[in-house]
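Just so it is clear, A, B, C and D label the chains in written order, and each chain counts residues from 1 on its own.
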Amino acid sequence: MDELAAEIRAHYCKVRRQSETLCAGLEPEDLCLQGMPDTSPLKWHLAHTTWFFETFVLKPFHAGYQSFNDCFEYLFNSYYNAVGKQYPRPRRHLLSRPTVREVSAYRQMVDECVLGLLESPGTADCAELCHRLILGLNHEQQHQELMLTDLKYCLSLNPLAPVYNDTPIPASQASPLTFSEFPGGDGEMGCGRAGGQADSVGGFCYDNEGPRHRVWRAPFGLANRLVSNGEYIEFIEAGGYRTPAWWHSDGWATVQSEQWRMPLYWRREGQRYVAFTLHGELEVDPAAPVCHVSLYEAQAFAAWKNLRLCRESEWEQAAAGVAPAGQLWNRLCHHPLAPPANQPQPRQLYGAVWEWTQSAYSAYPGYRAQAGALGEYNGKFMLNQMVLRGGSVATPADHIRATYRNFFYPRDRWQFSGIRLAYDL
Amino acid sequence: MDELAAEIRAHYCKVRRQSETLCAGLEPEDLCLQGMPDTSPLKWHLAHTTWFFETFVLKPFHAGYQSFNDCFEYLFNSYYNAVGKQYPRPRRHLLSRPTVREVSAYRQMVDECVLGLLESPGTADCAELCHRLILGLNHEQQHQELMLTDLKYCLSLNPLAPVYNDTPIPASQASPLTFSEFPGGDGEMGCGRAGGQADSVGGFCYDNEGPRHRVWRAPFGLANRLVSNGEYIEFIEAGGYRTPAWWHSDGWATVQSEQWRMPLYWRREGQRYVAFTLHGELEVDPAAPVCHVSLYEAQAFAAWKNLRLCRESEWEQAAAGVAPAGQLWNRLCHHPLAPPANQPQPRQLYGAVWEWTQSAYSAYPGYRAQAGALGEYNGKFMLNQMVLRGGSVATPADHIRATYRNFFYPRDRWQFSGIRLAYDL
Amino acid sequence: MDELAAEIRAHYCKVRRQSETLCAGLEPEDLCLQGMPDTSPLKWHLAHTTWFFETFVLKPFHAGYQSFNDCFEYLFNSYYNAVGKQYPRPRRHLLSRPTVREVSAYRQMVDECVLGLLESPGTADCAELCHRLILGLNHEQQHQELMLTDLKYCLSLNPLAPVYNDTPIPASQASPLTFSEFPGGDGEMGCGRAGGQADSVGGFCYDNEGPRHRVWRAPFGLANRLVSNGEYIEFIEAGGYRTPAWWHSDGWATVQSEQWRMPLYWRREGQRYVAFTLHGELEVDPAAPVCHVSLYEAQAFAAWKNLRLCRESEWEQAAAGVAPAGQLWNRLCHHPLAPPANQPQPRQLYGAVWEWTQSAYSAYPGYRAQAGALGEYNGKFMLNQMVLRGGSVATPADHIRATYRNFFYPRDRWQFSGIRLAYDL
Amino acid sequence: MDELAAEIRAHYCKVRRQSETLCAGLEPEDLCLQGMPDTSPLKWHLAHTTWFFETFVLKPFHAGYQSFNDCFEYLFNSYYNAVGKQYPRPRRHLLSRPTVREVSAYRQMVDECVLGLLESPGTADCAELCHRLILGLNHEQQHQELMLTDLKYCLSLNPLAPVYNDTPIPASQASPLTFSEFPGGDGEMGCGRAGGQADSVGGFCYDNEGPRHRVWRAPFGLANRLVSNGEYIEFIEAGGYRTPAWWHSDGWATVQSEQWRMPLYWRREGQRYVAFTLHGELEVDPAAPVCHVSLYEAQAFAAWKNLRLCRESEWEQAAAGVAPAGQLWNRLCHHPLAPPANQPQPRQLYGAVWEWTQSAYSAYPGYRAQAGALGEYNGKFMLNQMVLRGGSVATPADHIRATYRNFFYPRDRWQFSGIRLAYDL
């Protein structure tokens, strides 16, 4: 147990610092932006991830803990109805107070209390305490990805096109699109430890990744890399956004009502496509993976190619046994690039962009959400959303695995989301 | 072939007449109502089902066919982009012309041409012709169910509470809720003839029912009857609509925004619940199956019971080999009743109300939509909707089978949709 | 009194019959249309005008009157809060019942009772009874104009372009635009009998036309005819709809959000402008008065001409002493034409189209709405609307006078509304 | 001219400094809030008022002026179409850059250039230059009032209820409501210098205040003080917000749709009313003037009292010859108080709260907007808005006069707007 506590302590310090590092070059004004109801101000993320530890660790386990500000329970609760009411999400940008400085003080106080508690847990249930801390750190890592994607969305709305990261990006090398074939058959998927208490920081998985269960897969082919911008531009120029035949009915309705003509952040400038990125406005690199497409667009592109998106069980079969590596979180580059040529096939399973699957996000057989407020973490979203797999440039390398299930609505485009093709054998 | 043609001819006359019989007691004013964008005026259904034969049978197969009115191609196209543009769905109530009388004339002319063509197909591809006629009749039967549910919705908005069917309804007999257990395991589901040309009227199934494919099912329990109004009232009175814990996140948001407090068509009158039905306003019968609930409500009810909805593969296993029988279309009764006591278990698999499943409506492995406009029939809806199984009081008995997949959005309530409970073994 | 009763009786029969004549060539389906919330189904107008007599004449004055259907008090109340709640206006198209036939029976029963009461008023206050009957008939005449404009709007949404009146329309003769100048100065405006009991059918005026009061007018010039389509086309082709400089701020916002590019009902076909009219689709006649423009458009046109709209006090000075004559209600022609050359100047003060003024609709000094529900007739609308003067092709000739104040919102276009120019001397 | 230049220079320094003083105690986060589309971030106001001088003074008159940032022409243009396109108003909160610090630098650079230009105007048209500087300073004073009202609105949305001004507010002394009577008659109103070049800072008036013109007024009575909170509470508790009879039709619709039950910023706490103010949350003082009511509420209150609001011509007659004095801008108190007992009657004509009139904001006879972009300042808003008179606690004392016309939409409540009663004699 002492070893686990030490491991958690080190991880805690690293992860918490990472959130602050992420905000380092930004101004207080930047940290308060909310570009649409789906996004939150970075200041809010900084406070909410702290609230998570305060609510689920300090209040239940730290004897004599005094809350920083009682009103924060309301202001920084995201969606835990079992904890209490929540300040309306679309209005988070209206909270000029607490200021960025006050949120920093809040973080610091909670950090001190958490580290103190970890040192002297007293009568606390240590296993549960460790479980919640590991959960809280995974939670904060998820929010780190959101901080980048939310920031990108907000900055993109400013005609001054602010640059978050001024490191130059290398040009990508194009490669042909090939496929690997998989036999399918009887098999298993999911994580056997899901929802349980991990005995190491790396042994964690979310409850929605389990239980591990049996599945039958028909044989399938899977692309050896992500779809590139160049390939996607062909779709655009072949009239993809004007041809209903390629689209699901709801997708076509969205194309019409939103007047989509290309991926989010792109604009056409003469013959070129230019995209807003965290590195500023850049010409679209044809060899790099296409990004910021909705599931509707991913599916329409696949239909145009006479192919399909993969199922999550297929993706997991391909990723099983492959160690997470690739273009994951890295402070030098916040934009997806083409894969190195020498990776084993299929390449880019991890990193670069999240891959839309054709699988609805739903409970695996035998899934039960845990009791209490933490049971709201995943289970209540198992409807209307679709699974994405593999992580992106904004995902910490120690926060992704073969069984990891991300989920968004089919229309969502502000995540680093892209396309991997598949077919039935 | 002659035999098939004769069978089709008889079925054609019966099905087409049925649509008109359904409208018999109604006034022209009733046939023009559109209560919300999801519903269509009955006059429009009468014309659209006719348009289907005109477009997919007469125009391609009837040499020298002269269209009744060229503008109808636009007015009565529902969603076939490959055919052409469509008059906006939410505005269908704005078409006073063609009048009901003109639509009747349109039906009659098309019927004459279709029957003539069936008699003398000339050089037409007879197999394809028969296939399209059978498809067109299945299409019309689907619209007959919609005609009843759309009419019910529209009449319910009139404070005069018009009565469609004045036949009295018998009181239902309550019965205890029991479960049957199924072993699961390796198996198959789906229809092996899906999308192909049927050699008999009864041999038809839609393309979305296939291909037949292998699945693995975990063992499960399935309720022996539908959830009753009495059981659902307990949920209401236990605060079900005020307790977020039972709801999916999107469901809870909908309860708040729509201010749902009970099923569609219900209102509270002192201690009683009263419901608008096609038989007029009636006190809710506790023993009869609950109806007009969304998937959100069905799922919340199940969660409150600490149970779940079934998967479509589970339902199909239970229904395999059970002949469709039960409370299906019948001109005397348009409201769901309790099941007879002596039916084999599980009861009410067919009829009474459609049963929400927890399965997203998506393509079976190996599914390909057919080419051309008819490929739009099912495939483009395989996103965002959920599968319902089993048919209802509004489903013709020869229009339901174990593999039949109906689909609606989780929020939809105006269909005859209800709840069957299940659990993991 | 007997003489007044006889005059009212004759007028009652004539006006009530007129509403029915107006609907003569229409189908029940046509009478149920509601093209937007601002419009009502003609069936509803037929019932509401009857409800007015039932509510304000029969219920208070006819001893032992039995209501036709108690629910009608709710269904056919337009906006009289003092009478009770109202069925929501945007949903009036959802009332298939009562049917057209039932509404006819309602009209007939109420007519019999009203005429009976007029014959044998018993103990009723005859002066008040006569006052309310005259008010009710003026009310019905207002609704007759709305019936035509609402019908036109609804039919225009049907791609079949139904024709209401198949009488051909003569071509108009162009004439130069000249102005008459008026000295202004101290004067009076308004009707001295406003809101009082008339001693003849023709002696009536609405309460909002009074009290007659003193005003001071600066000297002004007034156009001798309405603005023509040809002149308005020049404005369109000079980029009027693309140039913010001519528009009020709210007008420009509306042009953008509604994407207005020409008057309501117009479309461009090559070099021509074609308009939907009650006589079918017709090429726009350059010499005829422009019609179906909002105040925003009328004002922008005037600004482009470096002129202005007139004030209602100015219009009334010009019209004082001019007997109402011109292109008023006439069953042969439901579309505005150019004025005859030989009329005294200014021409077209009455008829053809209502003339937008730059005067906000507000209470004259000393105005008090009458007590009770009938006080809601005019007073509560004296905010946010603008005054129009002069009547149109849809106004009965005995329903217009120099002091008559019509009022609509600046964005409204579905009335027969046009433009007369003015300037400061 | 040198004297005028010196006067302007002093006034310029004072007014510009005032905007910054107003923001002194606020954080960068506070300066970026936009609580609704009608409001703007204070940072935006600071930049826009600077843009006004840059656009209308420096660019045309300062030879060799280099713009601070070319993109600001787009970002900080409010509504001048003749200058160019504008960044969408509802999105102003999305501009984290330029930061507060950068906006300060922008202000400083523009100030230096303006003062330099005033010192050495070179070949500039000095009269026009002075005119524009005076206009720009009046413009900035208008925005100072908006800065306070916008800030108040935004802070009110924060559950932490931030305090802008922590100076305590004295209790008000109640006084009876009495009336002064005015004979009316022939007279004049408006400013004779409107739109022209002022020969002193104090000689300025806006173009919408003129031309001075003749009017006729009926005799009227005018309340000797503003309506108090105590009087307004009586209206609330008499069911004022539940009784349609007191409301204009559009007002009643707004009460329903917005669920208004009391003035903006008020909430009920047991038997007390508590209001958010710039001094924090305070119990409502019954003797102080009611504030933050819409015209709809002001008019309904007056109707309930069987009185009316005054016309702007009436207010101006009462104010003519009264020097502006009263509770105007003052850094110690940002909330309206009761009037001192010893003021001459009518009291509170100036200051405390703006007084809604029943006059629509429209052009006086003979009004012409000036040519060019500055002609958009007032003229294009002369539709759909209503006149308010007299200034408020947020109006600088040297920015109000008897002819000053403020204007807002009838539904607006976030200004310091209140009620003065009147009646017809």
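We take it that contacts are C-beta pairs under 8 Å (C-beta built on N, C-alpha and C of every residue); 3 or more make two chains touch, one makes a residue touch a chain.
The shown structure was predicted, so the numbers you read here are calculated from the model rather than taken from an experiment.
Steps from chain B to chain D, taking the shortest chain of touch contacts, total 2.
Of all chains, the one whose mean C-alpha position sits at the greatest distance from that of chain C is A. Centroids of chain B and chain C (each the mean of its C-alpha atoms) stand 47 Å apart.
Separating the centre of chain A from that of chain C, both taken as means of CA atoms, is a distance of 60 Å.
Each chain gets a centre from the mean of its Cα atoms; for chain C and chain D, those two points are 38 Å apart.
Looking at chain C, one finds that none of its residues touch two or more other chains.
Shown here, the protein chains touch around one cycle, each chain meeting exactly two partners. A list of each chain pair in contact follows: A-B, A-D, B-C, C-D. Here chain C touches chain B in the complex through residues 27-30, 32-35, 43, 71, 74-75, 87, 91, 93-100, 154-155, 157-160, 162, going by the rule given at the top. By the touch criterion given at the top, residues 79, 81-82, 186, 213-216, 218, 244-245, 247-252, 295-296, 299, 308, 358, 360, 362-363, 365-366, 380-384, 410, 424 of chain A touch chain B in their complex.
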